[in-house]
Each structure stands twice: as C-alpha cells, then as structure tokens.
Amino acid sequence: MHRFEIRVRYGDVDQMGWVYYGNYLRWFEIGRAEMLRSLGRTYREVEDDLGVLMPVLEARCRYFHGARYDERVTIATGLLDHGRATMRFGYRILGEDGETCAVGLTEHCFTTRDARLVRPPAMLRDLLGLAPVVDDGLRAQLGA
Amino acid sequence: MHRFEIRVRYGDVDQMGWVYYGNYLRWFEIGRAEMLRSLGRTYREVEDDLGVLMPVLEARCRYFHGARYDERVTIATGLLDHGRATMRFGYRILGEDGETCAVGLTEHCFTTRDARLVRPPAMLRDLLGLAPVVDDGLRAQLGA
Amino acid sequence: MHRFEIRVRYGDVDQMGWVYYGNYLRWFEIGRAEMLRSLGRTYREVEDDLGVLMPVLEARCRYFHGARYDERVTIATGLLDHGRATMRFGYRILGEDGETCAVGLTEHCFTTRDARLVRPPAMLRDLLGLAPVVDDGLRAQLGA
Amino acid sequence: MHRFEIRVRYGDVDQMGWVYYGNYLRWFEIGRAEMLRSLGRTYREVEDDLGVLMPVLEARCRYFHGARYDERVTIATGLLDHGRATMRFGYRILGEDGETCAVGLTEHCFTTRDARLVRPPAMLRDLLGLAPVVDDGLRAQLGA
C-alpha cells in the first residue's frame, strides 16, 4: 500500500487529548490524493483537465487507538475494489510506534461538474489499474 | 427521532460547492449532544460529573445529496442499539427541502479519563433508556 | 451591535480545553453573515444574485478568555468603518457569564468571481448603511 | 527565517476556490511548531516537560493572494520581538511561484496548566534566543 507521513497538529486534537474523530476523514483524503500523485497524476488534474469529480458516496472509519498531538502518523492507502461506475479505497492509519490507530474506507463515484454521473475516464481507469491494492489484513478488518 | 437545526457555513463547503465530507461527523456529534441535552443532561456533565468519556469506536456515513452554503439542515438523531459495553446512534441529515443529504451511525464505548473501559454509569443507562430510537427507514438504510 | 448565539462543540476545543484560536475567525464569519441576514439579505444572495465576493483583506483577533466545551457564546457584530472600496466589521465574543472572550475585526474588499476589484454594489452599500455600528468600547479595544 | 512546506488539501479550500481565511492561523501554528523543532526542542516538550502553555494573546493576518487546492505553500516563520512575559512570531505564507499569499503575527504569553501567568522558562528563553528573526520586509508589512 502507498504510505504517506503527516504530523498531528494542535488544532487536530480535542480535549480528550486525542485526534478528533472527524479529522481521520481528512487524512483519508490526503492518503488517496498522495497515492494518485505517486502514480504520476494528481486529483487536481482529474478535476481541471478531465472535468471529472469524485464525490464520496460512503465513508467508514474504525478507531482503535487515538493519535496524539505532535505524533507522526502514517497513512497507508490502497485500492479496495471497483465496479463500472464506482471505486473504493481502503486506509490504515499507523501511529509512531507502528500500532494501528484506525482503519477505514471511502467509496466514490464519478460525475461532471454539474453532478451528472459518468463512467471513469480512461486515463483514470488506467491509472487506478496501477494502484497498490489493500492488503488482506486490512480487507479483513474492513469486512468489505 | 430528535431533531436539531444548524446552518451550513462558508468554511464548511469545499470547492465543489458542497459541504466537505468530513464535516458530517461533526454534525453527528452535534446531533448526539443535543439529543442528550433534550433528555435533561449534557455530555459535558457525563465527562465532568461522572468522569466518563464516550470515545467513538466506529463511524459511518452514506452521502446522497450534498448540502450547500447557507442551507438550513436538520440533524435527526436516535439510538440505534446498545450492548452491555457499547452503544450506537443513528443519524439522518435533511436538507432545507426535506430530502436526505446523508445517513450515518457512530458506535461508542465508555472509558475513564485514563482510557480504561467501563460499563456505562447508571445515570447514562437510564437516560438512554428514554432516548428516541431510529426509525425503520433509517435502520434499513444503515443496514445495521 | 447585532447578537447571535452559538454553542462550542467538542471538535472546536483543543487539548488545553479551550477553543482553538483559529476557530474564532469562523465565528466572525458567522457573525457578519447573520448580521447581514438580520438586515434582510444574505451573503449567499450577494454572491449568487450580484456576482460579488467579499474576500478578507485582513483579520485580527485579541484573546482574553478561552471559551470552553458546550459553552453558549454570543457573537456581537457591527460595522467598524468603510471606505469607497473596502469595509471593516468589528466583533466581540462573549462567554456565558457575559465576560469578553475575544475581540476582533475583518477588512473586506469587493470582487467579481474572477477576482477583479469592484465597488460595492448599491444594494450592499444601502444595506450596510443600515447596519449596527460597533460600540465605542470595542472601537477602543481594537485600537482601530 | 525558518521555512516549512505544506500542501493545500481539499477541505482547506472554500467555494471561492481559495483557502478559507481561518486556516492560515493553523499554518501559523505549524510554522512556529516546526521552527521550535528546528532549534532542537518541541512545543510538546514545553507542555509535557516544563508544564508551560503558550496561549495566543493576539493573531493578525493580512491576505494578499489566495492559495489554491493542491498548491505547495511555504510557511516562513521568525521571532518578531519579545518582552519579559510575552513574545511575538511573524509569518509569511508563500505560494508555489514565490508570491506572498499572506503575512501575519501571533503574540503569546506563558502560563501554567491552571492558567496562571509565568515568566518563560530558561530553556525556552535560551532556545528562542537562537531563533531566526523576521526579515525587515516582513516587519514593515506587519507594521509592528
């Protein structure tokens, strides 16, 4: 799976002292953007050059261990599966000591700027054919 | 189900012109806090007076229709189910014209401030016995 | 000055237990949007009907007393002053017990959607002529 | 001045297509945390080991040019000045092509965990004596 490191910032943490649960979805967004970039294209190009948006149909996150302020976390991202008109990414968030903080998935469709559903453009389909896939451990944890 | 209205703010919306997908989890938090308040207690009291935290074990959201800037959305919240040591809330986000923007759930456990798992305190168990439950439509949509 | 109440949410508070300092600028945005609404129009209409944006040129905030989780805070908003091409709003954030949590200001210009500077449209100029102005105490605190 | 690069994420951008104005204060936080780290210590250590917090007394930001989605921005951070009980940092946010997106400052005091004002601990004072200072151009732009 593709790996990308980020650091937990002060504003990410709530008064429990752990990262606020909604912020993990932002990390998932970073994970899929950086995975795409590692394949040679960017989501900005998908939007700007192809005129295609990838809105989220579903997001899930299971939380195991809260990340803390200033911790260096790793976002591991892979393709979970795809149909003709949708695709799903899987994510594992790893803390500094390698333990799993959270796992999750997002499902996406493809639309034009005026929100009409379309098939994924060939460039994107080809690109995602090269994407790393989620490992079996993550697939099992996601039950999906 | 308990209903609470909020307004979409400028910073909530991304460049697609719809509410950023991670922000719905914040709305779920508002929904369960206000449902608890409507029953006569607050989550702040649960933390401060009982010393009990309710961290999130899992969150799911399915997105149907993006909410827009300045739209008045309704957060409908209900109890989905509970076990001896966990409980789940269900949520429906309704747009101004009554259509469903999103549905979701959160699962929670109960811990002390130093993160030891505990049973829910009696006050909270009694309170949640009075909570509105999710309607059958939402239960079916959540598949849970 | 125009007054609008909001409640501090869990995700707004950092691990110090006080509202994260950047979130006050979001409250200023809420304050000026609701002040405009109280005058009979909305910022959404300004953007959608007039095609005019009001980007922020400058923002300042002085912090006196941190707001806490679940606290009910009041955003007091007024017009600070305006020139031919810019205008400034002043804000006071009041805690539940009436003490001042923070004061601040934002300065705005007017642009088309493609970022060309324009004069404020007549509708907006007329409207803002009706806006409440900041009180002398706030003006002094802002030193502006 | 100390330089640190970050990338603009989807959720950072509002429907104007530019970074939401409140998010720059988060970047200032990143800038001062990373400047401190570059000097050999971390803000987490200041809080955890010394028991000292550095709450913000004032924040200012002037906006010149909005940063866009996926843009790589540089946060330049330096010490602006300090008194016996307070200190100020200055910041310049640079876009990918080197233009200035924004400049700003934050003023901080030093407190114990229970919010009593204290002098900065010697370790911190020594450390900040080594910190890069803001350049004259920034000082002039900040008018401070």
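Letters A, B, C and D name the chains as they come in the text, with residue numbers starting at 1 for each one.
Rule of thumb we're sticking to: contacts are C-beta pairs under 8 Å (C-beta built on N, C-alpha and C of every residue); 3 or more make two chains touch, one makes a residue touch a chain.
Note that the coordinates shown come from a computational prediction; the quantities given were computed from them, not determined experimentally.
Q: If every chain is reduced to the average of its C-alpha atoms, which one ends up farthest from chain C?
A: Taking each chain's C-alpha mean as its centre, the farthest from chain C is A.
Q: Chain B-chain C contact: same residues or different, taking over half shared as same?
A: same
Q: Through what angle, to the nearest 5 degrees, does chain A rotate to match chain D on its C-alpha atoms?
A: Rounded to the nearest 5 degrees, it is 180.
Q: Measure off the straight-line distance from the CA centroid of chain B to the CA centroid of chain C, and report it in whole Å.
A: Going by mean C-alpha positions, chain B sits 29 Å from chain C.
Q: Cα centroid separation between chain C and chain D, in whole Å?
A: Chain C and chain D have C-alpha centres separated by 23 Å.
Q: Where in chain B do residues touch at least two different other chains?
A: Expected reply: 10-11, 16, 22-23, 26, 29, 69.
Q: Under the stated contact criterion, what part of chain D meets chain B in this complex?
A: Residues of chain D touching chain B: 10-11, 13-15, 17, 20, 22, 69.
Q: Okay, in this complex, where on chain C does chain B touch?
A: Counting only chain C, the residues touching chain B are 9-11, 26, 29-30, 33, 42-44, 69-70.
Q: State the interface residues of chain B toward chain A in the complex, per the touch definition above.
A: 16, 18, 21-23, 25-26, 29, 53, 55-63, 66
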